[in-house]
Amino acid sequence: MIPVEHFYYISAVLFSVGLAVVLTRKNAIMVLIGIELMLNASNLNFLASNTSEDPEGQFFALFVIVVAAAEAAVGLAIILKVYKYFKTIDLDKIAEIKD
Amino acid sequence: MFIVIFILIIPLFSFVINALLSSGKATFGSYCSVALLLLSTLGAIHVLFFIETKVLTSQVDWFSVGDQSFKVGLLVDFQGAVMLAVVSLISLLVHLYSIVYMAQDSGYGRYFATLSLFTFAMNGIVLSNNLLMIFLFWELVGLSSYLLIGHWYTKTSASEAAKKAFIVNRIGDAGFIVALCIVWCQFGSFNLIDIQSQMEASQIQNGYWSSELNALPKVWLSILGIGFFLAAVGKSAQFPLQVWLPDAMEGPTPVSALIHAATMVAAGVFLMSRVFVLLDGLTLSIIAFIGALTAFMGGVAALAQFDIKKVLAYSTISQLGYMLMGIGVGAYEAALFHLFTHAFFKAALFLAAGSVIHSMHEIAHKNHLELDAQDMRLMGGLKSKLPVTFYAYLVGSFALMGLPLFSGFLSKDALLIASVNWSYQIGNVAYLIPSLAFVTVLLTSFYMVRQLLLVFFGRPRIEISDLREFGWHFKLPLIVLSVFSLGLIWSLNPFDYSHSWFLAALPGKLNVTPEFDVVIPDLTNHALVGVISVILVALGTGLAWLKFRPGRELMLSKTGQFTLLENLSLNNWYLDVIYEKTVLRIVRVSTSALAVLETRVIDRAVNLLGWVGVVFSFLLRWFDQTIVDGLIKFSAFFSSQVGGMTKSFQYGKVQSFIIFALVSLLLLIFLIL
Amino acid sequence: MLQAYSLSLLIFLPLSAAFILAFLPKKLKEHFKFIALGISLIQLIIGVYLYLDYQPSDALYTIEAFQFVERVPWINLDLQSLGKLSAEYFLGVDGLSVGLVVLSIIILLIGVLASWNIQERERAYFSLYLVLNASIIGCFVALDFLLFYLFFEFMLLPMYFLIGLWGGPRREYASIKFFLYTLLGSIFILIVMIGLYTSVIDPGATAIELGLMADGQPLTPVIIDKVQQKLQNGEILPEQLVRTFNMVFMTDSGNVIPDSFLSTLNPQLVLGHSARFVGFLLLFVGFAIKVPVVPFHTWLPDAHVEAPTPISVVLAGILLKIGGYGLFRTAYLMFPDAAVHYAWWVGLLGVISIIYGAFNALASRDLKKLIAFSSVSHMGFVLLGLAALSVEGVSGAVYQMISHGFISAALFLITGVIYNRTHDRLIENYSGLASRMPKYTVIVVIFFFASLGLPGFSGFIAEILVLLGSFGSATVEGINLLPRWMAVTAVFGLVLSAAYYLWTIQRMFFGKYHVKRVNSDRIIDVNTREFALFLPLIVFVLLLGIFPSLLLDLINDSVVTFVNTILKF
Amino acid sequence: MDSLADKISNNLTSLSYFIPELILVAGLLLLILVDLLRKKNLLFPLSLVILALAIGQLLVGWPKEAHFLFEGFVKLDQASAAWRLILLLGASISILIAARGTLKSMGEFYTLTFGIVLGGHLLVMSSHLLIVYLGIELMSISAYALTLFTFEKRGSEAAVKYLVFGAVSAATMLYGISWIYTLTGSLFFLAPEFTDALLKSPLVPLSISLSLIMVGILFKSGSVPFHVWSPDVYTAAPTPTVALFSVVPKLAALAFLAKWFLVIHLFGLGSINWVTILSILAMLSMLFGNFSALRQQNVKRMMAYSSIAHTGFLIIPIVSLSEQATRNLLFYAFIFLIMNLATFLVINFFERQENIRNIKEYAGMFTKYPLLSLFLVVLMISLVGLPPTAGFTAKLLIFTSLWESYTMAGQPWVLALFIFGLLNTVVALFFYLKIPFYMIFRSKESQLADNEANKYTYENYFTGLLVFALLVLFFKPDWLLGFINKINFVF
Amino acid sequence: FFASLTVVSAGYILFTKNILHAALALIVTLLSVAALYVFTAAEFVAVTQIMIYVGGIVVLIVFGVMLTNDVSGKSVSAGSINRVSGALITLAVLLLFIYGSRQFTSDGYPIYKVTSMDNLGKELLTTYLLPFEVAAVLLLVALVAASIVAGNNLKSNAL
């Protein structure tokens, strides 16, 4: 068996990687991918901690997956829209609104 | 008592009548006021004969503050009654005189209104039984003086003179107010009689001056006296505030006679006599010294003037100096005596001078000449043309010089003796005071004789052939005033003031200042002093005769060179210049400095607050854009320098913000931990 | 009927009129001013009634000490664990305020007359003016802090617009400056207000809460004592405390909750200072801005210079007095300990204002600015008299407020007259006006002399009282609150005021007639309407100068109570 | 474990308490249907009817006592009922704002609005972190889409920024929740066991996880430092939706924060001083909000910063930590709702009618629309917080509770917050008065006043009504507070 | 093994330049995470993960990539920004989290209990009814949102 700490470490690493992706990649879709990674990290945590009779963590993870799907759908739709207007999805090139 | 109120109120009526009448009926108004003033003069004389040594007083509540009440009340004692009579009489005569003198003036009604207002206010000062009321009327007198000096307001010099007079007076009033504060604080009352009795009861102990109510450090007693004295200095044109009086001659001449010679300027002396009990040794010495100094300075300043009225003005200053010196040496009754005699002869002189000036105007008008009607260098030989004027002037001058048989001799004698006695008592430096006084006697006779000679003797310097003296409006006042300048009116023995009915009627010594007991004048030196003064008068007359005897035409050219002394005299010791250079300059500089402070510093400091707000917002923006973004920029820069991995400096906004948020989050967590 | 509702009437008449005005059709615009005038006249009648019917009373600061009282519950919140909170619609006047109310009514009436020539946007102008009217009077009669604060703040807006819309060339700057300053001040006041009402209870309502008396029963001193005793012994549960905005209860230190923030016994510390002292200072600054006291005065010259004449009149005549009145009613009465403690500083600020204002007036080239600075100088006397805490001083301060109300109103009307004609207020551009405008000159001379404290005019009485009072200031523990040099220094303010006024008269009115950069044809003397504006002011100034008891009898008892209340502490 | 039948019946009973939400869901479906049927005209009235129904149901079924519903996932008490009422009102007014403009005929707009409201409802009622997460996500997803409804370049940009920021926040929050789960083994945060578990938890992970959760909440409420999305979104999104964003998600998040704050405050026993932290955040919010607003030219952007500042004010009663403070929070929220929405109503009017977006363009509008301008002045005064508007009363109340809290606990940061908050009011004056300033003092030369034409617009009436409410609530705050006071806040 | 696979593939996502590669790596990551789920006895979740994520989300993403990149003709890659700051932050976060996780009190080797599918279903429709319904609504809303966003897109494309 794997010690439970390992799950936590892996989840932490996963979250960090996700975060790094979000922070450093210019491409909006990459950012979305990063977010998915972060969500997965959380899920891993939930499941790792779900030791009792009550499968609370499992359900939570399930719902998170569902929400992630919804979010990804809307997110991609928005990105497409952006692409239509800006002809790019580089986040740093999207800067129309000024003070 | 009713009659006293009546006397007080009558001039006010006169004021109201004149103020409300339209300009068409101004003459009627002026006669009205003459009639009214006649009434009040009669009343005053009635009171004078009736009063003797009684002291009439009555008061009612004016308003109350807390449990203290401020009262209005009247006080008539002998000195007040005499003063009242003098003021009323001279005022009556001046009103009468003015009817003709001002006949051509456009501000006729205004003139009479203010003149009546002045009479009212002056009566008020005389009759008030408390200091607050005195102050009230004191200021009112100042106001009417202001208005009368500025009567010809279109003349810049007149309006400036008026302003100067009021402001300088105001400085004195500041002293009055301070003194009032001290009195109120110490006695809780302004009533003169209360003050006197409370002052007697008060003590000086351990450096504290304690009355029933309160105890103040001793120095406040001196400040009190100096405060009152400052008021008198302002009003009575003493050094260093005498500068306004010569300028005040810009006013119509009757006004100068009434206000700036006879009555108002004497109010300072009158006030000092009213508050005499409150003066302590230090104050008295200061008063004596300033008085004597002013007498001397005024005398010197009068020496070389060419303006007929200015000579008289400086002479007034000088005489007022005498009076205050008298107060200072403790001879307040002598001072009052001189006040009254001076009032008459100086009024006579001024009115006579007015007559001369009026005549000169007449000449100028007839001959279409542009000339200064007050310049003595243009006069001369008027004796025959204006006989009544001349004799009035002569009598007045003799009284002023202090020749025996004239009133001035009596009162001046009394003052001189008092000062001599006082200096005996004190010794040392104090001898300076009688010495100055005696020198002034010499100066007085010199400038008066000079004036007489220049104006009335010799050949006329301009064409005066068709000159004619004016009617009874002029003559009557001149005659009456001249009569009052004779010694016999005042004392049966014209050589000895101690026989004067006036001095006899005054109550005994008033001085109760705890610390310092002023000596009772010792009359043994009487004869000596009298003789010395007469000799000095003769000397002065001689000198003047030598220099200005008819026929000698020297130093009269307008372009002539003046000696140092003459310059000093002509310019009144350069006091105006000095004030201009110092006091006014300081005020001006500090004013503009404050104005600069106001606009530059204070306003800015406050705007700074707003500005800081704006700057702050920009800072925040800068923070938002530079730090938040700049952090990223910097990191990009950093990485390009160190790592050389990226070639672009681009940065993404959203992600930068996320970084910013995360940094905040981390900070937050560290804050917690 | 009138007795019971006169004060409400005073407030709501103009308010409802403003409302009606706002909806009247435009074609009636010629009549708007008559409506405003009518309202003011009705107010005048009520004011006269107030003045005549007011009975001086030296009752201590209880409800009974006030007259024409109207007291209706307004806000009653149940804060449960914090007890209850009550704000009332509570109006009333005592000697301190009755004179100011009458003054406001008169000045506002004159302001309407002075607005007769307003030609643009009459509807808005008169509506705002009436709103201003209501809030000013509200300020003076409100005895509930929240109500007072409401009126205090409410005043700002009409003022802001009146200056900003009908003002001079730099009006926008001036109005925003005015607004910000006063708002900043009111924030300070708000802070203290919150502190106060959380610390003070309403003994009456608390008694009802405790069952000591039934609802509707009159509040007797016995009950108050009982409640206060219980309060001080900590026997009242927090839920039963009825916290109040009532200014009268705030005045009584017995009503302060012992362990509260502003407790009199052991006040808490704020930054090392007693909370009560800090509270006093905040209130002081808040109102000092309004007074204005140097160095919080810089809004005043701008606001005055830019404001239209009637608004300057109201601003100088009344609004400044609200600052002074606020100091009396709140800062001093509610924090007597701090008032005594800071007397020296307050007095110093007063003296500085007097001298500083006078010097600046001397330096002003603009006539209106000169008068604005003279206001600063004269209001310094109010502060000085107040700081002295002696009966004379405080009476003088109240007197000065009212006297200055009349005089400064007249002075601003005076500048309005010349400005109306020539649109130029620079003193140096005029000379010898007396020859062309004799009546005007007479009026100017009268008011200038009144303002510089000539006896016979109201200013003299006020200033002499202040000086007497501050010289012999109240003693606490044997030491005078104010050193004597302050009074002595203040006297020189009088000299300076003579200097700047006389200099102005001499420059503008005397000498040969000559004007620069101004159309000479427009220099005409005052007309009848303008003269009618000045006449009542002359009468009042003279009346108050010659018969001070007309006013002093009214305020005397209240002043004595005021002083005793503070010194008793 | 309860039997299956029990659970089902439990859920069915729960449903009866859930009628407003059911109406919303049903309405949502109905609207989609109507939209599909191309009955565009029906949408607007229908949505209003649905909301009215929901409000009516809410009032009719006003809970007498607290219920845990659906196996304890939500807690229905009076406080949450009040919040739901506020959210429903906010949504209704927002939809009314949309009456002028193109949004009116877009079915999706209504659907998504309902989605946001539903999410808000869940959030304020939640007693389980899963519901919290779902609620927030529901709101967010709807909001991302709504941002785009201008269908222009800037809208899409704002949307993508919003999306990225929001998704990261949500993920962060989720990670925090997962840690909390690890720590406590339960997510029913209102249960006593949860509190006990928190108390026993080690400090470091606890503080990290709670901070992470805070990110999500602060993001939704738009407070510093998680505010950066809001200016862009406010600028670019259509005005009615901005109005909606400024009220519904924000207030829902704050309501949840109020609840959550009590949990993590742990009766003052915890080792983390959340009061200080939130005080500082509130101050920062006011600071950034007000000062940044100072130099804005765009009205909506200014309002964005204004609402950030208001978030700071709204946090004040939360940190005051008393029952009364919670009431004051409700009061403030209600007033904020009215004044903010009314302002957006006016802004929307001007945007549509005059195509005005920048403050300077308001010049001369006073002569053209006197009444509306007057209302706007009152609204701005209310937003500043001056009498005689309810904005003042609201501020007074929250500062009172803060003051009380300071006198009780004496925390220095609280005092700082107190003074700082009040001083911020002055700063706020600057920018709020900018609009009236331009409207009244600056005039456009070419404009002719045609009052009559603009007198009777529906905006006039509606804004008038809201403004009137603001005034009334100043003079008689007890009417509302009396109502709020009846609410039982015992948890 | 799966753990290291997860980490490696995630790292690849982070560092790869090609967005398609990233998407593929995401699949690997997700699969290995799913495998980890299985270790925690959550088979159902693992299955869902594979179905929704791999089957749905990743496909979506790949579509997204295709749609946004090939049209412009640019290379299907994405640069990176904020490298240093991003790395620093990430590192800090990572360290913090690991430091935090070390403090969890744990029993070392927990025993995960497999919940039967049956039970899960029952729970989902009873205890988790509300979240379930909410999730349904959420999906609906998301559908509407995505359709309006994308749909309008098409519409305006058509125009």
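A, B, C, D and E are the chain letters, set down in written order, and residue numbers restart from 1 in every chain.
The definition used in the following text is that a residue touches a chain if its C-beta (ideal position, glycine included) is under 8 Å from a C-beta of that chain, and two chains touch if they have at least 3 such contacts.
Quick caveat, the model's predicted, so the values are computed rather than measured.
Student: Among all the other chains, which ones are in touch with both chain A and chain C?
Tutor: Chains in contact with chain A as well as chain C: B, D.
Student: Please give the intersection of the contact partners of chain A with those of chain D.
Tutor: B, E
Student: Which chain is most remote from chain B in terms of Cα centres?
Tutor: Result for the farthest chain: E.
Student: So using the touch definition from the top, which pair is joined by more C-beta contacts, A-B or B-C?
Tutor: Of A-B and B-C, it is B-C that has more C-beta pairs in contact.
Student: Using mean CA coordinates as chain centres, what's the chain D-chain E distance in Å?
Tutor: 30
Student: In whole angstrom, what separates the CA-based centres of chain B and chain D?
Tutor: The mean C-alpha positions of chain B and chain D differ by 76 Å.
Student: I'd like to verify one number: the distance from the centre of chain B to the centre of chain E, where each centre is the average of its C-alpha atoms, in whole angstrom.
Tutor: So the centre of chain B lies 100 Å away from the centre of chain E.
Student: Mind checking the centre-to-centre distance between chain C and chain E? Centres are C-alpha means, answer in whole Å.
Tutor: 70
Student: Using the touch definition from the top, which residues of chain C touch two or more other chains?
Tutor: Touching at least two other chains: 180.
Student: Could you tell me which residues belong to chain B and also touch two or more other chains?
Tutor: In chain B, 621, 650-655, 658-659, 662, 669 touch at least two other chains.
Student: By the touch rule stated above, which residues of chain E touch at least two different other chains?
Tutor: Counting only residues that touch two or more other chains, chain E contributes 79-83, 85-86, 89, 93, 96-97, 101, 104, 128, 131, 135, 138, 141-142, 145-146, 149, 156.
Student: Applying that definition of touch, give me each pair of chains that meets it.
Tutor: Chains touch in the following pairs: A-B, A-D, A-E, B-C, B-D, B-E, C-D, D-E.
Student: Note which residues of chain B are touching chain C in the complex, please.
Tutor: Checking each residue of chain B against chain C gives 61-68, 70, 132, 135-140, 143, 146, 150, 153-156, 158-160, 162-163, 166-167, 170-171, 173-174, 177-178, 180-182, 184-185, 214, 220, 587, 590-592, 594-595, 598, 602-603, 605-606, 610.
Student: Spell out the residues on chain A that touch chain E in their complex, using ranges where they run on.
Tutor: The contact residues of chain A facing chain E are 1-10, 12-21, 23-27, 29-30, 32-34, 36-37, 40, 43-44, 47-48, 50-51, 53, 55, 57-59, 61-63, 65-74, 76-81, 83-84, 87-90, 92.
Student: Quick one: in the complex, what on chain E touches chain D?
Tutor: Residues in contact with chain D: 96-97, 99-101, 103-105, 122, 126-131, 133-135, 137-138, 140-142, 144-149, 152, 156.
Student: Can you list the residues on chain B that touch chain D in the complex?
Tutor: Chain B residues touching chain D: 613-614, 616-618, 620-621, 624, 653-655, 657-658, 660-661, 664-665, 668-669, 671-673.
Student: Contact residues on chain A for chain B in the complex?
Tutor: So the residues of chain A touching chain B come out as 19, 22-24, 26, 31, 90-95, 99.
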